[in-house]
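You will see subunit A twice below: alongside subunit B first, and alongside subunit C after that.
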Partner chain A sequence: MSHVADPSPVLDKAPAPALRGPAARPVSRLLHRRVWLRLTLLLSAPLAWMILVYVVALAALLITSLWSVDSLSSEIDRTWTLDNFRTLWESDVYRRVTIRTVSVALAVTVIDVAIALPIAFYMAKVASPRARRMLVVAVLTPLWASYLVKVFAWRIVLSEGGLADWSGIGSPGYGLTAVIITQSYIWLPYVILPIFAALERVPDSLLEAAGDLGAPSPMVLRSIVLPLLVPGIVAGAIFSFSLTLGDYITVNIVGGANQMLGNLVFVNAGAANNLPLAAAIAMIPIVVMLVMLTAIRRTGALENI
Partner chain B sequence: MTQATTPPAAAPAATGAPQTAIRLRGLQKHFGDVAAVDGVDLDIADGEFFSMLGPSGSGKTTVLRLIAGFESASAGTVELGGVDVTKAAPFERDVHTVFQDYALFPHMSVLDNVAYGLRVRGMAKKQRRERAQQALDTVRLGHLGSRRPTQLSGGQRQRVALARAIVLEPRVLLLDEPLGALDLKLREQMQVELKQLQRELGITFVFVTHDQEEALTLSDRIAVFDAGRIQQLGTPQEIYEQPSSAYVAGFVGTTNLLDAETSQRLLGVAAEHALRPERLRLTPANDTESADAGEVRIPAVVVETIYLGTGNRVHLRTEDGLELVALEQSTGSLDDSGHRGEQVTVRFARADVVALTPAP
Partner chain C sequence: MKSTFRSGRVALACLSLVSVSVLTACGSSDDDKKTDEVEKLGKMEGKVSILAWPGYVEDGSNDPNVDWVSAFEKKTGCEVTSKAYGTSDEALNLAKSGDYDVIAASGDLSLRLIASDEAQAINTDLVPNYANVYDFLKDTEWNSVDGKNYGVPHGYGANLLMFNKKDVDAPTSWGAVFEKDQLEKNKGKVTAYDSPIYIADAALYLMKTQPDLGITNPYALDEDQLAAAVDLLKVQRQYVGEYWSDYLKEIQAFETGDSVVGTTWQVIKNNIKNKDVDVTLPTEGATAWNDTWMLSSQSKSPNCAYAWMDYILSPEANAQATEYFGEAPNSPQACEKTTDPKHCETFHAGDEEYAKQLWFWRTPVEKCLDGRTDVQCTNYAQWTQAWTEIKG
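Showing the complex of A and B:
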């Protein structure tokens, strides 16, 4: 009973100054009333950045690809022409390099998804919380090492008399296989993480319920787990596919004499001094990605989330 | 064993079925150093509505998961219909579970959810859709088969989960706090439906709950769990009217616990006793009503009166400091409550006092 009487003297001693606060904040009040003003202030900086970095850069690329280079003066001729795209379409080299690049990207994606699925499943559903943390660290650690260091490490592993040779597995030598192996290694964390995140969101009770209803483990994986993982798999596949599509360093280091689209851009922007053609080649992976994303949307794979 | 007041072999009078659906012997489950289930012996008869009641962490859900096969026992055996299934995988056991979170597959329609178990068994599409539709009709959701689970309300999801389990016509249905996520009105409605469904289908229901009222209303028999053991096993009446220990008396319903010293003074027996609030009768302090031989009278003062709608809960304190709670039926008058500070006489029959076995 006695404690009921206590609070009142405390209130008397401390006359609440906080209650007069709002009157002294006209800016807050203005922002509260004007929603558009709030949004403008909040979004203007990031929006400007987005427009400048993405939209303007893409537009510049597209415009550049419609120019040409004067073969005598080596100066850029700013008259509109589709010559660059005609070259790409008609020349056998560009078609072959495009097919090669897309094939390598597809192979890397398939390998990465195949490796990432069991690892992610183990991390999310089997490992103890402690082991799970260790595994997340293990997956993330390679991302801290320099890209070049990792590719050169693979160059040494795959070299004649290198680790692969010496261990008896045998080395495929420098070439497209080496590119696929190296790229699969480098982009693997980007595929594991989204699949792991998607698996963590699947409650254990769903797997138990499927088993309870009579489904053996392979059936549970096929009918319950995989369909629920599609968004995570698609996200990971987009990462590995698009990152491989734009790469040109790995193929230089372990690819032997092979070239990918990135190399052609590099050569044309540098040594060949044909910036418009480089821009036109750079449009190819962009178009491939757009086609891929549209196809994924069309299948409705992302609607079951 | 301190738990069983009723021998486990005693089948409920209601069903009279002599066959045992589930038999647990010396069941134990350890998680690291913690014994979640610490020696459970239990027989559940065919067609019985059996409840496992206890607070969270008492081991009741673990026992359910051991029966379903989601956990493997550290020691002891699980028998289903006379067959030892201790080592069998969940999909090899003829029991199905209704999960607390319903565990409906979000990427399938309601009908496909219900048909899943039939699909796994390789039933033809047309046939399994018919059966699933029937099961949905049983739970009165026949018109919602094409919806996704996320488009249903909590009560509807609950029924889909039920339909998905009963479509397989299991011998035993395990229900893990299935009504826990529903609001009160819906819960009461679903309780009635569950009871009716169980009676119609004749399936054994094993029902896990922490809600003592739910357990009392629904069950043929109840096992009260604490610390991984069964504290008492019996019919709802036995559990409520004759709690075996202070723990059971306190967990199931409200109770007045009389310690050994108080019992010695009031009843002349030096042992712990329990007394249900509705067994207390209050009369004015100056009444002249004479006590018969079997009645105990104590003068007390009303500390607080709480109006419950159906009656009043009256908190009392006797002269020597004993706190009691009494439950008075409403008489329908607008002012029938005892008033704070009022002097009253508390009366109860000696026969209504239940002796408790001391805690081990």
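Showing the complex of A and C:
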């Protein structure tokens, strides 16, 4: 490596074998001078990952949905066609399943938010620090158990003569109600945590000031707590809604004879070997999510998350 | 500003490069598939990976008394790993992964495996126990194509009607799951097999009860006949509590009483501890399976695979496996080795006339399997579509 003219005093004084500073490390010197190179090296790995995982996967999904499957050899026919989307549009079974899936996701979201709000409020504002820590642990604990174990546990709870029957509450039996109950249970921590985090950020002094100025509790909740809470609620709602939208295992285990969008994707990809149609069906939840996120963005709630 | 523009272009170039490589990867070649039969065997590889129906590869982990894999491992030194599948469609995708050396395939899977070059032709001279097998099981339309043999027969049996004596009076007809007045009593507790191939069960019932439809083979349905079967299944759908493809799910549902009547396999009945649950073969006959051990064209351990096929065809192993699953063994020698001396009588093993009453699973294709040439039959893709609509 030839010495490049460098005004650095360190270079002149230091003995040759023990070079210190930028001159000693030509790589760092190069990186120091070339900002774009530094950025490229820093960002290329995560960026490549992002592109591969998000963009390429989505693009592949879109491209695949425009192909079709040859019915005889069940090989993929790579000529562009909109047939899959036409099937989705024309056959009312897909419309029904979409409506059913979105309704289940909405129900789960509403139930989860309704349960999470008081729990999060108690955790953030009422409980002692010690009790708060215990509650956070309690909320997080179910996340340590496998998803499948929890769903099968619900299958047994809701079965004939199971815990629900035996305790006198009565079981709704396997079906959409069972799916809503199970999904509400499984995604509840994902809703409690963002609401809890948002509530923790509400300063106590605000509440006290409101109280001092004579605001009744409902008014404090409505005009101070709720506006500060909206970002947390929206974040939690997005979690529970999107996670329910893509689920197919719960409905398979406790859903009785019902099917949701995820099942249709699974059946077409896994059983019928019709990847293009599966890809087209998979576009439905993506579109639903995009519509929902745009709607939320309009309300401005996303900016505060 | 300029640098942002440039990095944007770089990112775009990367993106297009990556997507092109992904797309080319989709169209990978089939170079490593070997579909021709081997001339002679070599050294054992020390391991073999098997894809089969539940109950076909038992090593004692489910029931310590049910174990025919350990003896094979001891004899050949081939360590067995196995995976059980629930539907033929699931098996097709698993087989395509190339992770399995041997596949136990029913008639609705075997031809699809052969058509997609996933199966390797079998040199039956290298499977000594093949000689014992009933002749009517050899070289059938579901294990041979163009004179080439793609598999060795395992056993066959019928899809049975299971019921809970407490809720259902011992039925003799599939009407118990297809007739409105009988379904009414068990609303929400009826179950059915969750696969498009179940449409054939409805078609078989229509074949016997509505002769005007002209169904002669439940796997060869023209559009009108398929529509009739779909209508029947849509009626049934209103009474179905849940569909099953996972056999463990059905076992649990019948034990708790969540399901009280529906289609099943003998092996499921064997695993149910509830004494009120019984099975029957209805008078209409039944859809059935006739299973074939096939060799994957991507097999990495073909020698151990041949050793397994020969072993599972041996009278001792075949008797154990078929008796446990509840199906007819494949050879008269195996019938002599069953623990229940009447097993082969119960399952009518070797009875060609009886076997003709069973409708072995086939893949529905456009060229009608019943020989009709004036109409086009519905294919499996249409059946899948119909099945989605039935479930609604």
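Definition applied: the second predicted complex is superposed on the first by the 267 of 305 C-alpha atoms of A that agree within 3 Å, B and C clash if a C-alpha of one lies under 4 Å from a C-alpha of the other, contacts with A are read in each partner's own complex, and residues count from 1 in each chain.
Quick note on the criterion: contacts are C-beta pairs under 8 Å (C-beta built on N, C-alpha and C of every residue); 3 or more make two chains touch, one makes a residue touch a chain.
All of these numbers come straight from a predicted model, not from anything done at the bench.
Engineer: Superposed on subunit A, are subunit B and subunit C clashing or fitting side by side?
Structural biologist: fit
Engineer: What is the contact status of A:P172 with respect to subunit B (first) and subunit C (second): first, second, both, or neither?
Structural biologist: Touch partners of A:P172: none, neither subunit B nor subunit C.
Engineer: Going by the contact rule set out at the top, does A:G246 touch subunit B (first), subunit C (second), both, or neither?
Structural biologist: neither
Engineer: Could you say whether A:N273 touches subunit B, subunit C, both of them, or neither, answering first, second, both or neither?
Structural biologist: After superposition on chain A, A:N273 lies in contact with subunit C alone.
Engineer: Does subunit C touch more residues of subunit A than subunit B does, or is it the other way round?
Structural biologist: Higher number of touched subunit A residues: C.
Engineer: Of the partners subunit B and subunit C, which touch A:G162 in the superposed model: first, second, both, neither?
Structural biologist: second
Engineer: Please give the least Cα distance, whole angstrom, that subunit B and subunit C reach in the superposed model.
Structural biologist: 31
Engineer: Common interface residues of subunit A with subunit B and subunit C?
Structural biologist: Subunit A residues touching both partners: none found.
Engineer: Flag every residue of subunit A that touches subunit B in the complex, lowest number first.
Structural biologist: 203, 205-206, 208-216, 219, 223-224, 227-228, 304
Engineer: Going by the contact rule at the top, pick out the subunit A residues touching subunit C in the complex.
Structural biologist: Going by the criterion above, the answer is residues 36, 39-40, 47-48, 51-52, 55-56, 59-60, 63, 69, 71-76, 91, 93, 96-97, 155-156, 159-162, 173-174, 253, 255-259, 264, 267-268, 270-274.
Engineer: Using the touch definition from the top, list the residues of subunit B that touch subunit A in their complex.
Structural biologist: 68-70, 89-91, 95-97, 99-101, 103, 105-107, 116-117, 119-121, 164-165, 168
Engineer: Touching residues of subunit C toward subunit A in the complex: what are they?
Structural biologist: Against subunit A, the touching part of subunit C is residues 3, 7, 11, 14-15, 18-19, 22-23, 26, 87, 89-90, 92-93, 112, 115-116, 188, 195-196, 237, 240-243, 249, 252-253, 256-258, 365-366, 379-382, 384-385, 387-389, 391-392.
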